[in-house]
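First the structure, then my questions, so here it is.
Chains: A, B, C and D, in written order; residue numbering restarts at 1 for each.
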Amino acid sequence: MTTVQNIFPVVGNQEVGAEIFILRFHAPAIARSSLPGHFVNIKVDRSYYPLLRRPFSIYDVEGDDVEVVFNIVGRGTEILASKRPGEGLDVLGPLGRPYQFSDVQYSTAVIVAGGLGVAPFPFLTRFLKKEEKQIITFLGAQTEKMLVPKRLANVHLATDDGSAGCQGTVVDLVERYFETTCVEGPKFFGCGPNEMLRALSQRAENLNVPCEVSLECVMACGLGICQGCPVELRGGSVRYSLVCKEGPVYDTSAIVI
Amino acid sequence: MTTVQNIFPVVGNQEVGAEIFILRFHAPAIARSSLPGHFVNIKVDRSYYPLLRRPFSIYDVEGDDVEVVFNIVGRGTEILASKRPGEGLDVLGPLGRPYQFSDVQYSTAVIVAGGLGVAPFPFLTRFLKKEEKQIITFLGAQTEKMLVPKRLANVHLATDDGSAGCQGTVVDLVERYFETTCVEGPKFFGCGPNEMLRALSQRAENLNVPCEVSLECVMACGLGICQGCPVELRGGSVRYSLVCKEGPVYDTSAIVI
Amino acid sequence: MVKTSFRLGEVKFKNRVLVASGTFGYGDDLKDLIDINKLGGIVTKSLSLKRRGGNPPPRIVETPCGMLNSIGLANIGVQEFILKKLPYLRTFETVIVANIAASSVEEYCEVLSMLESAEGVDAYEINVSCPNVKEGGLSFGASCSMTGKITMELRRLTKKPLIVKLTPNVTHISEFARVVEDSGADAISVINTVVGMSVDVRTRKPKLSTVSGGLSGAAIKPIALAKVYECAQVVGIPIIGIGGIMTTEDALEFLIVGATAIQVGTANYIDPSTGVKIVEGMRKFCDQENIDDVGTLVGTLESNKEISVIHSWL
Amino acid sequence: MVKTSFRLGEVKFKNRVLVASGTFGYGDDLKDLIDINKLGGIVTKSLSLKRRGGNPPPRIVETPCGMLNSIGLANIGVQEFILKKLPYLRTFETVIVANIAASSVEEYCEVLSMLESAEGVDAYEINVSCPNVKEGGLSFGASCSMTGKITMELRRLTKKPLIVKLTPNVTHISEFARVVEDSGADAISVINTVVGMSVDVRTRKPKLSTVSGGLSGAAIKPIALAKVYECAQVVGIPIIGIGGIMTTEDALEFLIVGATAIQVGTANYIDPSTGVKIVEGMRKFCDQENIDDVGTLVGTLESNKEISVIHSWL
């Protein structure tokens, strides 16, 4: 992986749900070295407000174009939503440690995504298909309009309000599925709010299924230099790992979520 | 004059010169109570960077629409330049003390503008015509592309580089004009950089012609509450007047520029 | 109905949102733009014994998310205030706090006495960020003993609420808070502006005529919050939180760390109705969170005391 | 050709732009992104005697034009630094400044001694914004006598340039600057972060696990400039200006008020090449202004001394 920083041209910015956008920019250098689970760190404009870059998972790579998906939650994403094709975008990436999708220990990738936690999975799905893994995808959100069920395989939906798929949390849906269905050589690939990842990690442990998740946390640099993004490691004494550098993808057996 | 603060819709934003824009917004409440020399104070966006409003002279009023003219000099004007019709604009105005254009003491309005100092004069010209005053306009800038010689009457141009009109400063041009031409009952109406206004004020004194100028200075509130915008008054001891409230238009006999 | 009022001694404030000294003039300039009666209180521009013209320009410069000022306490003087401004100011249904500045202890006393004999001032706020002429211009507010002395002397002269406004430009603001409390103040205001400066690199001149000035606005909010919190750990008297408050959320942060009320400063320049909007915003927030008295938010910060040592490793 | 270099004792810096402690790691993480050899110097993350895991999350929160951090000086410890990082760091053609943190005077001495025996460190920067364990955790940097003592003890142990990094969280930073100069330091770095905090109003929890933290970034530039200027009025040793430097213009402001060199901090997080860009930008500025040595800018502020009283009326 070679990390680069540059101004890349936006080639598209499409609203695909309730204040949810897929932003596409032309960045051959990033496209070439990205893997599923990597993220990019975007400076939304030249202002000092917001001051810091904003991290986004790589949603997909098509040719020399890179995509991210995001919803408007604050000033940074509000500015991102206003980007138009032709404008320049200051991107640093790819960053982080990707999902370990190619190991031979498992045969079915069980993708579990909460809300915008769907972000890394279209790109992962591409690679899983190349690896000829089975794929089952569970996707949950508060309501139908917050689901982005695109470019995934074998999708099962859950919404808190029952507006699409089953009513309930996505982890509950996974649990019920595993109760009734025999999944061959499963491995969980999770991404979403910490609460959901905690629940997933618990289920994975109970089911004795390997589980990798991509964590979110506040980041200042994304490069391993500020020490601002710790996650606690399991084990006796308190030790931390830096999410931006050693993560954002972790095997849940290694960390305290 | 009733000052209002509100979000008004932009109805136009046209580039009319080198990074010079005329921004038009629909603001009946402001249009109704504006007079030439008044200014509006614009919050360019909701960000805290820039933090403060930006003052702009009222360039013209047409029906319920108000216009300002500006060039890009920093972050605030850069953001203003990106405004598109339909967007909301947070404007506070009208503010300040207008030009005293209707007094009967003079019969020829001699308008002298340096660069974007042309801003208050299309609007003033309208009123002068209604008052049936004679008008002579002198407009100067560094170069042709920085001249905005629109909606003025009887215009004489000067540029530093000679790319349009006479080469030299606008005040020199005025001086030469007065040497060769007999102007009946003149009064100067000036606006531009302080250096130019100082020169104009000097000439006015020499010629014994009344002279009003609109001053620029950094402002925090524009409302007379921060005391941030002093100009020194002529007279024995040091006394200040607040440009935003008692100005921006002053008779040059009253102030130290 | 959410309860919004609070008391300082005999004085009842209808809500916890005041406007800060120097950022609202004497109230009269803004009467047509906002409904002043909706504010909890107005703190006047600092009043000095004699009228002050203020510093030469430039007095203002913008900085990232903030601004520097060096006004030089330009004000009309206490006498003219009493004659020309107070009668009108009194007509508003809000608490009038007269802010006092001076360059000697005696002068502070004199100004307060003049205001005592006039009618219409409800409370006093003392600006101690003023140069002590007898000590070569060192700020009163940077000396614990001077700050205590001013408080004690003024306390003798009035039964009205006496609020001392602390400067953040000291090592331990809590020491000042304690001294002021012990000297009889009814409340403290925290904070005044933070010393800062800015330079024009082309002309190599400072962007303020006085070289340095006072930093205010959103940029200083984190500093102000830490100062209020520090004071709240040591004093029992109410704290009025000030510094970079632009929104309801900002104001709530101050209440949570221990401020009984807040003042809106620089935000008034950008939107004079900020205070009124925050009054409304606080009410809404309480409705949403099922809080029946804004006051129950005060000092409710939930912190893990184990790791919350203020002067710890950063 | 514009001259950009300067000397601190025996050590020559190729230019006046360094990267600040804690904002560049140990250099190795950024080697592929920027040309480190173009920098005047690298200041390492603070090194403590033992490896430190750091504070619990959250450690970072953004604020208007700034950020708060409470890292807890997470670092690999001096021993591991010497073994694992220093050999590589030395290969760069830039000055390596080891920044030292400790919780007792003895510990400062021990860490410095270990670095003295290793090879490759060119200079030391002492982070005194650390809790003094013997004084109940009060910051060394808030005590003039402790700051002087640390300087004096360390001075005995090394002939290499000794730079003491001052905290802005004191009433008169110039007093500290003077004491540090008198105690034998070769230079001072001004400033470390400003204490601040931030609160989540929904959860009523502080946004940093340690409640308060250190404010950095563009927001603090005016404060940092004022502190550098204050120090420049009283000391003769070089000052390294730090605080909110994002652009060449920011850096020039610091030189003009009296800094011999500058450090880029938070800006590295946003653009790791900020320092390199400023090196280039300074050169360009000097070209434009017909300046043949960047050093001639240092301390050239033109101010009207008559009205430039630091603690005057605001």
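Just so it is clear, a contact is a pair of C-beta atoms (placed from the backbone, for glycine too) under 8 Å apart; a residue touches a chain by one contact, two chains touch by 3 or more.
None of the values given here were measured: they were computed from a predicted structure.
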Those chains which touch chain D and also touch chain C: A, B
Farthest-lying chain, centroid of Cα atoms versus that of chain C: A
A-D or B-D - the one linked by more C-beta pairs in contact: A-D
Interchain centroid distance [CA atoms averaged], chain A/chain C, Å: 46
Chain B-chain C separation of Cα centroids, rounded to whole Å: 36
Residues of chain A touching at least two other chains: 48-49
Per-residue multi-chain contacts in chain D, two or more chains: 56, 64-66, 69, 71, 218-219
Arrangement of touching chains [line / ring / star / complete / other]: complete
Residue ranges of chain A touching chain B (in the complex, touch as defined): 47-49, 75
Complex contact set, residues of chain C against chain D: 52, 55-56, 63-66, 68-73, 101, 129-131, 137-139, 142, 169-172, 192-199, 201, 203-206, 209-215, 218-223, 225-226, 229, 244, 249, 252-253, 256-257, 285, 300-304, 307-314
Residue ranges of chain B in contact with chain C within the complex: 2-5, 43, 48-53, 217-232, 238-240, 245
In the complex with chain B, residue positions of chain D that touch it: 64-65
Chain C - residues contacting chain B, complex: 22-25, 29-30, 32-33, 45, 53-54, 56-62, 64-67, 69, 71, 74, 217-219, 246, 266, 268-273
